[in-house]
Amino acid sequence: MPRIGVFICHCGENIARTVDVKRVAEALAEHPGVAYSTDYKYMCSDPGQTLVKQAIVEHKLDGVVVAACSPRMHEKTFRRAASSAGLNPYLCEMANIREHCSWIHEDREEATQKAIELTRMMVEKVKYNAPMQAIRIPVEKRALVIGGGIAGIQAALDLADGGAEVVLVEKEPSIGGHMSQLSETFPTLDCSQCILTPRMVEVYQHPRIKLLTFSEVENVEGYIGNFTVQIRRKARSVDEDLCNGCGDCIASCPVKKIPSEFECGLGKRTAIYVPFPQAVPNTPTLDRENCTLFKSRAKTGKDACMRCQKACQRGAINYNQQDRIEEFKVGAIVVATGFQLYKITKEQPRPGISGYGEYGYGTVPDVIDGLQFERLASASGPTAGKILRPSDGKEPKKIVFLQCIGSRDCAKGIEYCSKICCMYTAKHAMLYRHKVHGGQAYVFYMDIRANGKGYDEFVRRAIEEDGAKYLRGRVSKLYRDGEVIKVHGFDTLSSEPVVIDADMVVLATAMRAQPNIEALAQKLSVSYDKHAFLNEAHPKLRPVETNTAGVFLAGAVQAPRDIPDSVAMASAAAAKVLDLFSADELEREPTIAKVDATICTGCFHCERVCPYGAVEHKEIRDRKGNLIKVIADVNPGVCQGCGTCVATCPSKSVELQGFTDSQVFAEINALMG
Amino acid sequence: MKLGYYPGCSMHGTAREFDESLQAIAKPLGLELTELDDWSCCGATSAHATNRLLGVALPARNLALAEQQGFKDVFAPCAACYSRLATARHEMQEDAKLDAKVKEILKRPFSNSVGVMNIVEVLRGLIPQIKEQAVQPLSELKVACYYGCLLLRPAEITGFDDAEDPSSMEDVTRATGATPVEWRMRTECCGGSFSLSRTGSVVRLGRAVINDARAAGANAIVVACPMCHSNLDFRQQAMGQREGATEMPILYLPQLVGLALGLSPQTLGLKRHFVSTQPVLELVAAGAAKGEVK
Amino acid sequence: MKELQELARKLLTDGTVGVVIGWEEGPRGIRPYFCTRPEDADKLVFTPRCVHNLATYLSPRRSNVRELGKVAVVVKGCDNKAVAGLVRETQLKREDVVVIGVRCGGVVLDPYGPAELTANTVADRCPGCDVREPHNTDHLVGELPPPPPGEQRTAKLMSELEKSSPDQRWDFWIEQLSKCVRCNACREVCPMCFCERCLADKTQPQWIDSSPHPRGNLAWHLTRAMHQAGRCAGCGECERACPMDIPLMLLNRKVAQVVADSWGYKSSEDPAVAAPIGTFNKDDPQEFIK
Amino acid sequence: MSDNGNKQHDNSFEPRITAFVCTWCTYTGADLAGTSRLQMESNVRIIRLPCTGRIDPLFIIKAFERGADGVIVSGCHPADCHYTAGNYHARRRFTVFRELMDFIGIDARRLTFSWVSASEGTKWKEIVDETTDRVRALGPFTAYHNLAGGAEEAMAGGVQ
């Protein structure tokens, strides 16, 4: 006869108000197999847990059912309590009589009856619970960091400084990300390059960081502690080991008019190029799409030009370089792939998102986006830090900033706030005023969201010291009228239409998820929201973890983030990884599938349905070594415990520990009441 | 394309030339228009301004007729009619209570299955046919495409083009060989039904529209709404086009298409306007003289 | 016939196989025959009375068959789908078996009954058959006879049943299934029932009541039909084997129809064609889910 | 035997409904309904499983055998499965099973299949209330419960 203890929680008044807890405890005391049944005000409290522990010892309990809140809330709590009293933690289950009973029913009689039945069901289940041991898995103490923006750089450095090996993968030719394009940063106005480039160099020089630029994640297999990742090293046509970064090839390149991605189209670059002077590594990359040689190859099959090869004294230029795949074993993955900016134009790459034709972006040259303004304001930018109109190079005397371009606009398909635009617009207004004395900046905003340390003070400074005129309202349209851009807006605070003759307009565009991030997320089995931002495991309590164990998030891949947030997330993710690496082995919940070798016929339906590829083929041989049969075998490190194999197996020769057929059967049987 | 044709009051009255030009281009473009039997008022202006239920029930009656008469789509060339019919369809879809109430009033079976189309939408769908049938190059003609308000708004009801930055009229115009100019007042208000009650406002608004079109280099304004036409054409005199400013001809979109198809000004009702369309016809002739006639 | 016998003799003589599984004339009619000696090859026949699906002897449950050496099996197109099924589900390595396909013009309902193939005697799976000439075989013998006569009776019965009310269907099935004596002939004859221990024999927990009463019978036959989804070769052996004449193929056909309508899957002779259960499309139909 | 239990019964009947739900979406959605204090019918008993992929048609058969008048199966929306694909496999499985049940003559209205996400507490309430109302109108599933059984007949006798 089992000896099960039943503990009915009042949850203060939360349960006891609707459920007659005394009656539940009494009813359960009569239930076969129940050795002890009681109720208590707060089971999760210290005395409550003590009550459970004492009962386990005193009544020699071999199973515990706590009827209280949702197991999602306190299952861990009570299993720990059971464990400390010497009972295997997996012999403890919870009946949910709060969320699923007292909170959703008013009738006391009905609720009490239901609570009794729910608790009985769990008692019946526990009778079939088996002691289980947490699973131990070895850990590969090397981390993969995907993305070499500020978040990836921070994570890589923290990890490497903490003693871990790091593989840092960046898809562009240089690390640095969006931050390297910025002029100054809010709220301190310190130069972005000045604080970032030393970090980039540190990454390059760190003995424990392997930096792979112009590379992308091809494939990910395995599980926490034991991932195998394949990295595609894209052919940059330049041998990284031979190149010394002298730049002779760049000087020799005849194709000089390619719009520079780094300068957001405001500057030009050559076909063989480094994106910006401080690039890390300082190794040029050949843009094959624009290279004369490759164009000629595609057209005539013959190589033309070859000037860069001739110019290179190290013989580092290799036109026949191919993409190659490198494989690494890693124990954890930090995803720090960042964001892209919302496209303002009518044509949108993603269905469900629409642009703003009425803002003239792309047709009126002096309407630019925020990142382009950063390049204008940057000392190393195309105008050497002078704010000049792209159309005629004149200094704009009146400038209008429009916030929330794309953000918070359901009609455009993006309802979220991009978080950084209020701040960088204030910064732009300030920088503008510092550079164009006597200039006037206007800002159209919906709300000012300046909720960081020193942020609101910063916006106030833009308004009060630098005289930016903030107008609360939207702009309906703007168009070129001779020399000026007529900006038609509405000031909702004075309830008046406003028309501004601006020399230049800057649109603060929304932050969007990276294109094709879904493909990477799928490789990592990480879920994403409808905007393709990757999902954290818990919005409050597990903000940098994902639902895939061993995969962590840092920066704007998860949601719009500014630099301080991204860095904080990166350090948090690094700390999580170092925590993971601090032990030689990992412990995991033992809710995994197990095959009964005696029954399995090896039809491998289980293998077909397993989302994780956890089912392997195992040969069963007799003593002489003759093959008897090939059966399924579940790799406990890979199995995540969904149980799809169990429901699929025709002969029921695979079981899911913790949710066995016997346990479910017992629960269904208990329905009889 | 077979469509149920809902003329509304204006097509048989002040906007006769709209109707005439539409009928004239229908055949060559393969458009089969069958007038709804027993159609009634769409509820524009008075009804929907005074009584929401009536404002929906009136157009719904016409939609129900169309459904009964077996039409998949109703085509309402008048922008106001289009707006009312499309609004009724939309509101009944969104509001189950209203839907039930209106159906009760209608006293006839109605499953709200009929689509509603406007003139721009219909012609946009016929761009390949227009290009194919065009015999008269309108290459000398620069026109300002004027959308006004009702065709595009509210965006969730009309939905056939970008309400803030539309392009469909320009697309149709390009198909005729004429050049659409870039201008800013395309979607501004013409004053609408205040023509009689607040003529001054209508004149002021209309003047801004015409001036901007002229500044952009347009030889004519193309409209898709009888109200817009009336306000811009009829009120031009009151706008006092002065000091060398010439009059601005206002054409209906099917008139422009008809010109490209080589139809006579008479057939297209081009003689019915207050502002002479002669300058337009001269430019068409100039274009014909320049280019080869197909 | 001669062609088949010659082939079998050759395979047995040159040691390619240890046994050719085919059919022979028995005292009461046609019966399966395990031919292990070249001199017995003349006993092998193929007539419209060769109803049995011999693929069932390839199942790993028949380990005694494998003791005879490498197996050659004679299959009709329908039987061949079961061979493909066994290969697909890793119960059989294709290279471990020599598949001799016979061109078929249909078989009768009963191997011991009249030999003449008419609309009345034809087996239900035959009319409209799309695999009268088997594919993916190692050998293909015989001339292609004319197509089978008659029409599918089950299809008609199925559509009648579908048109009736749920209560009528319930009454029909409970009446039919009440007859079941749980002899397990349906399971034993089925080539796709190859589990070492059938779920119906599992006692901890006992999902399916083992004694022959309507409740357990219903659970058993529902479960069997579910397990056949996308796997049933459609050979009809279960129904033929049933001593109580329960129309079991009605269930299998119904399931096959759902599988075909929902995901466009038809049972195939090609082991490489993925079974519908175990795969999915993200946009599979789901009207029934709220 | 002819009474399939598909007919209108008097109002005093309260159906027993068993819900098999996945822990990540629907169970959490039901928790949210609780946290939001959404009042609903008290006829549903939830059995928590990791994933809809774990839910076996046998569970439903057994539930009806053991006295359930209706069954709910619910899990994560397509593309939201915590295990990436368990719900897709479940969808195929139950596509067949539901049709089969219908073919056997079990009123499909006794079965509810739904996707309820962790944030859809309101939808869960609607599923519970709607299923309860529907099954209440259908009456007790006496046809199934009364199917002759073996030794357990005595046990089953407690239920109509």
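Letters A, B, C and D mark the chains in the order given here, with residues in each chain numbered from 1 onward.
Operating definition for what follows: a residue touches a chain if its C-beta (ideal position, glycine included) is under 8 Å from a C-beta of that chain, and two chains touch if they have at least 3 such contacts.
All values reported here derive from a predicted model rather than from experimental measurement.
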Winner on C-beta contact pairs when A-C is weighed against C-D: C-D
Chain centroid nearest the full-protein CA centroid: A
Gap in Å, rounded to a whole number, between the CA centres of subunit B and subunit A: 50
CA centroid of subunit C to CA centroid of subunit D, Å: 34
Separation of mean Cα positions, subunit D and subunit B [Å, integer]: 56
Overlap residues in subunit A, where contacts from two or more other chains coincide: 609, 648, 661, 665
Subunit D, residues touching no fewer than two other chains: 62, 85, 89, 93
Sequence positions of subunit C contacting 2 or more other chains: 207, 277-278
Contact pairs between chains, per stated definition: A-B, A-C, A-D, C-D
Subunit D to subunit A touching residues, read off their complex: 16, 18, 23, 27-28, 30-31, 33-35, 37-40, 42, 45-51, 53-56, 59, 62-63, 66-68, 80-86, 89-90, 93, 125, 155-156, 158-159
Touching residues on subunit C, where the partner in the complex is subunit A: 60, 89-91, 194-199, 202, 204-205, 207, 227, 274-275, 277-279
Residues of subunit A touching subunit B in the complex: 346, 354, 356-358, 411, 476-477, 479, 486
Subunit B to subunit A touching residues, read off their complex: 155, 162, 164-165, 167, 184
Parts of subunit C lying in touch with subunit D, wherever the complex brings them together: 161-162, 166-175, 207-209, 211, 213-216, 218-219, 222-223, 225-226, 229, 251, 254-255, 258-259, 262-263, 276-278, 280-282, 284-286, 288-290
